[in-house]
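Structure, as structure tokens:
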């Protein structure tokens, strides 16, 4: 059986981990198979969980988040017959590793465009979770998208914290949202795991728009969430489970072309997304896929052309 | 004859395995002062606390003014007209006098009207009984005598007809005590009934109408005071003839061992407790220090024993003893051959949860003879303990028994054995026989005298004048942190010392 | 920092101080009566959970509040049982209660909602809505003007900014908690109950011999503590946030304890201390690092500051903090 | 006269308390719709059913041995050290600095130096609360709580701003060099012909912890310093009479306590994670309280209690893995153990005492 190790936010974070859970569940529903799972409670548990699943014969073992990179690097070589899937990791070496990363900047670029088009105050906000390159990568794409629509737009960006607690601090998310609103932001994009729940909540309370992340979060506050930047972790997990032990190892990047990222459009946000907006975003999407439009990656030189941190 | 104000029938009370009161019956007439005496731990306080509803009796009945009365708590006692002044006052220290008086006797839920009413009532009471106190003073700012007045006022404010006083004069100066008894007299003349617990035979003989004697949890007798004598009461108290004479040859004082000049001690609260004392103790003599408790004797012993800091000059064999900083601790004092039997064996002299053998090492636990390499030589300590227990007749002679499980007298023997058996040049000994039975008293006194006869110096502090007079060669009296005078023991008497203890200077006495 | 930003930081201070203040007053009642309580955190946490859970299930926030208070009272009763009835160690009891709350909330949340120890997000009547005071610029004005609220506020006069941002627009529990301060002061120093409560924390024997039940008084104090902690927890989950997440008190119970010491067990000082600690939190939340005279203060220092200040106070460098005399000691009549 | 024989105090009461805690825990499990017997089975097979399970159980037990001993040493001096968590965090920092920045030729030397550094860091973190308690009367419980939070901030700052390798995402140090990898039980037991699980983290620190038990036992019951610590803990006025310095004893007891907590880091940081992460202590500092209470502050009792909690921890992890019972169940059990063996001690003791007195009266 396959196994999933959810990161500290827990599988119901309505975001990153929940996407993985949805993918696993879809596989289970479709195939009638079963999978093992654990929600990590602390850093120290990571290695134990990996070993326990590997020893128990789970294959593949799917891990969520960059925090698993270090434990994987020491555990994976001990279990050469087990295949490990590392989501959001792409810098490890190992025969039995499937590393899946996403072109978050591309998806963020699209929602950045939408934010800029929806903004009346010409100010949009970004609230990140833990201040790490990955989240800056999100922010950078978002700012580029917003500026592409409106070069004069102000992008206010904040990070929630520097520790994993930043993924799960809705109070702080809420306070940061209020601060950004007072700075004039009328659309905020939360790339902050569980913290985002507080961001979306406050945005809805205060009557501004928000943008969800990872999973489709439009339904959380219908009519108040402009869109969600989809990161198809569910697809990655689903496919890994479906491939089972025949899983292909190596490094994979899922971008717009692979439908690994995208934006969410459903009944909940349909009234918010005008035809113009949709047309512009879809055009940009085509261009990016064709390579006509290049969204700069923060990783390239650890800096962002559109935003300074 | 009217119904007795108080009648207790068959009261029994056990604290775990300790039977504090056994089938006690007593009857007290209204408008009298009734004394209760007995050794420490005889059960006096327990009995009174039961009457006041503080403890609940296991068995027995209480009758007040001829009516059987249930007293499950103090509220019921107060309702029955009983007030009590405890041995240890029950006041809230950071409250004012007024607040303490109304606590539990407020009218209505709001404080302001209660306080106003109490202020008026207090004024009236003060005028009636000469009980003047400042209603707005905080308790921790007034002296113990004042605090006791507050306790009495509390009872009177609650309209008590029966007043219980548990050892009220232990902390008072003689003049404060006299004042108290004037107040009690006045209360009696108004028909109030007073129960007085005291250890002082003089107070019993002078002020009470009837007296009860307790021994080991039982009531041994109730007699009319004027039909009795101190000797008879003492015998009733301890259960056999009392002979408080110490056999000793006249002292042969030698060179000065301890010389004290201008010694001062300030306590934690910043109050000066010892106010410039000069004393000398010579080899081969016992200097007794008399005084009412709380006049600085404890602090004197503590500073000499290295338990607290002081200023001035103290020399041992002519060498200065540090009074603060390095070397001013009990360990250094022991190293300088000063033995110290502290006043309070339970909280200082012993660790109650330690085995007897650990207590024998206590204070000397770093002596080389108790060490074996890096570790302690516990076997050696235990052997030593067995020897000391045999010599001092400690019962039971079991080194493994915890100190708390020995009786008071045997606890004291352990402490005295530990300190005397090291042959100190100077022995500080405080209240050596407090709560110790007659047989043990004789034994301990003999050991002290024997040490003196070996040419050692002994500084004795005791609140028992009899003990001071019979044991000391020379007597000094302390009052308010100062020495009021010094007398050779065979050239003075209780009366002269009593005057000095009340603050009348030695020359006048 | 411009004026409006300052007002907004203070606004956030008020929001963040409220749970601290409620818990601090809770601790004040308990400790003034001689019962140390390091279990404030646990009581808040369990109340946060039950208030959110019941509000989510019934859609009625008032029922949620009541359940939160009830659950906090249960833990308070446990603390009373351990430290008053059975004369146990109050500190150990507090430690146990904190653990109990941390565990049981997640356990039950998982059993009831299967959302990884959360409750569902609260919507509509499941939350305490902000109270718009009259004449304040709020959401309704913004809607009428068809412009963002932030713009309206930015254009308003400073007085209006203070009124609309800082004073208006909090949940009813915020106003309640601030009212609780004078109320506490009055109860403690103006009523018979307060006199007895303070006395029992200083010298329970005095209270006992005055014919008042020490046990009764202490249980009453512990009960009040439970109620206030319950409101504090409910505020966290149903007013400040819209639902429960595990460990959501995040040490606020300990900050409240620190504030209590900082305030030296006095109600009005408790208000100042909680506002100060709330301000520190607001600053730490809003700014990742703060420049003071050219030196950048790391956010970790901001977060640790309440604790550091409390240690300084405890060390007696800023006046000595003397706790109620009988605090922490069980009242034992029989040795 | 004792109210109760000693064995009742030392064995019977903790046992009854434990049973009560277990019974309540079973009720809790029933309450969330699970089967307590199944749960116990899962825990036992998971924690004790294989050398792998034992490896984790002993690993956790090692942590709790250190913190339990720490709490008990302070307790003997009448001090309630609730700051084990912070002291252990600082110990971890000490270990990390030693392991990261000095190239060690052999693990054994590194272990000795790291243990010393961990002890020093932990002791330093206990020193201020100890000093404030002794000199200014600031309650050590409150100050150590505050110091736990401050320690977290310090560690947070160090990991995020100083020790995190360039480009790394999570706040953690780099891995320690391979040369200082501590021998695991597998490596230790292999020469003895025992094939212990290779992947479990129990390591040579376990032996250090057991040695620490023995040393603490000697210290407390066999040296004059132990005599002073215990005397001071029972009666401060008595200690003053005997010439013991309250300042010195408070400091020494707390420093030893802090050092023991700090030394836990050789197990969890150096032995297991081989790098320093946030929250590496996983609450072991608090569990030390329960361990010391259960173990009646005696090293042997602490040893047994640490094993029990090691079992609970590993069993709990297994529960979370193989059943739908969240790991928080362990937190609840831990709370109940602390509650019954610590705070509600008298609930068991009072009726027992009455019983023994009644029985004795009967005999007499």
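The letters A, B, C and D name the chains in turn, as written, and every chain counts its residues from 1.
Quick note on the criterion: a residue touches a chain if its C-beta (ideal position, glycine included) is under 8 Å from a C-beta of that chain, and two chains touch if they have at least 3 such contacts.
Nothing here was measured: the structure is a model prediction, and the numbers come from that model.
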Most distant chain from subunit A, judged by the mean position of its C-alpha atoms: B
Would you kindly tell me how far, in whole Å, the mean C-alpha position of subunit D lies from that of subunit A? 39
Length of the line joining the C-alpha centres of subunit B and subunit D, rounded to whole Å: 45
Cα centre of subunit A to Cα centre of subunit C, whole Å, reads 35
Report, in whole Å, the distance between the mean C-alpha point of subunit B and the mean C-alpha point of subunit C. 48
Could you check subunit D for residues that touch two or more other chains and list them? 156, 160
Residues of subunit B engaged with two or more neighbouring chains: 16
Residue numbers in subunit C touching 2 or more other chains? 117
How do the chains pair up in terms of touching? List each pair. A-C, A-D, B-C, B-D, C-D
Applying the document's contact rule, which stretches of subunit C touch subunit A when the two form their complex? 4-5, 8, 11-12, 15-16, 114-118, 121, 139, 142-143, 148-151, 153, 236, 240-243, 245, 248, 250, 282, 285-286, 288, 299
What part of subunit B is in contact with subunit C in the complex they form? 15-16, 52-55, 73-78, 84, 86, 90-95, 99-100, 102-106, 108-112, 114, 154
So in the complex, which bits of subunit D are touching subunit B? 1-3, 218, 222-224, 227-228, 230-231, 234-235, 237-238, 240-245, 353, 357, 360
Residue numbers of subunit D touching subunit C in their complex, please. 28, 31-33, 80, 82, 128, 132, 136-139, 141-143, 145-147, 149-150, 152-154, 156-157, 160-161, 286, 289, 293, 324-326, 328-336, 338-339, 342-347, 350
Which residues of subunit A touch subunit C in the complex? 10-13, 39, 120-121, 131, 158-159, 161-162, 168-172, 174-176, 178-179, 181-184, 186, 194, 197-198, 201, 206-208, 220
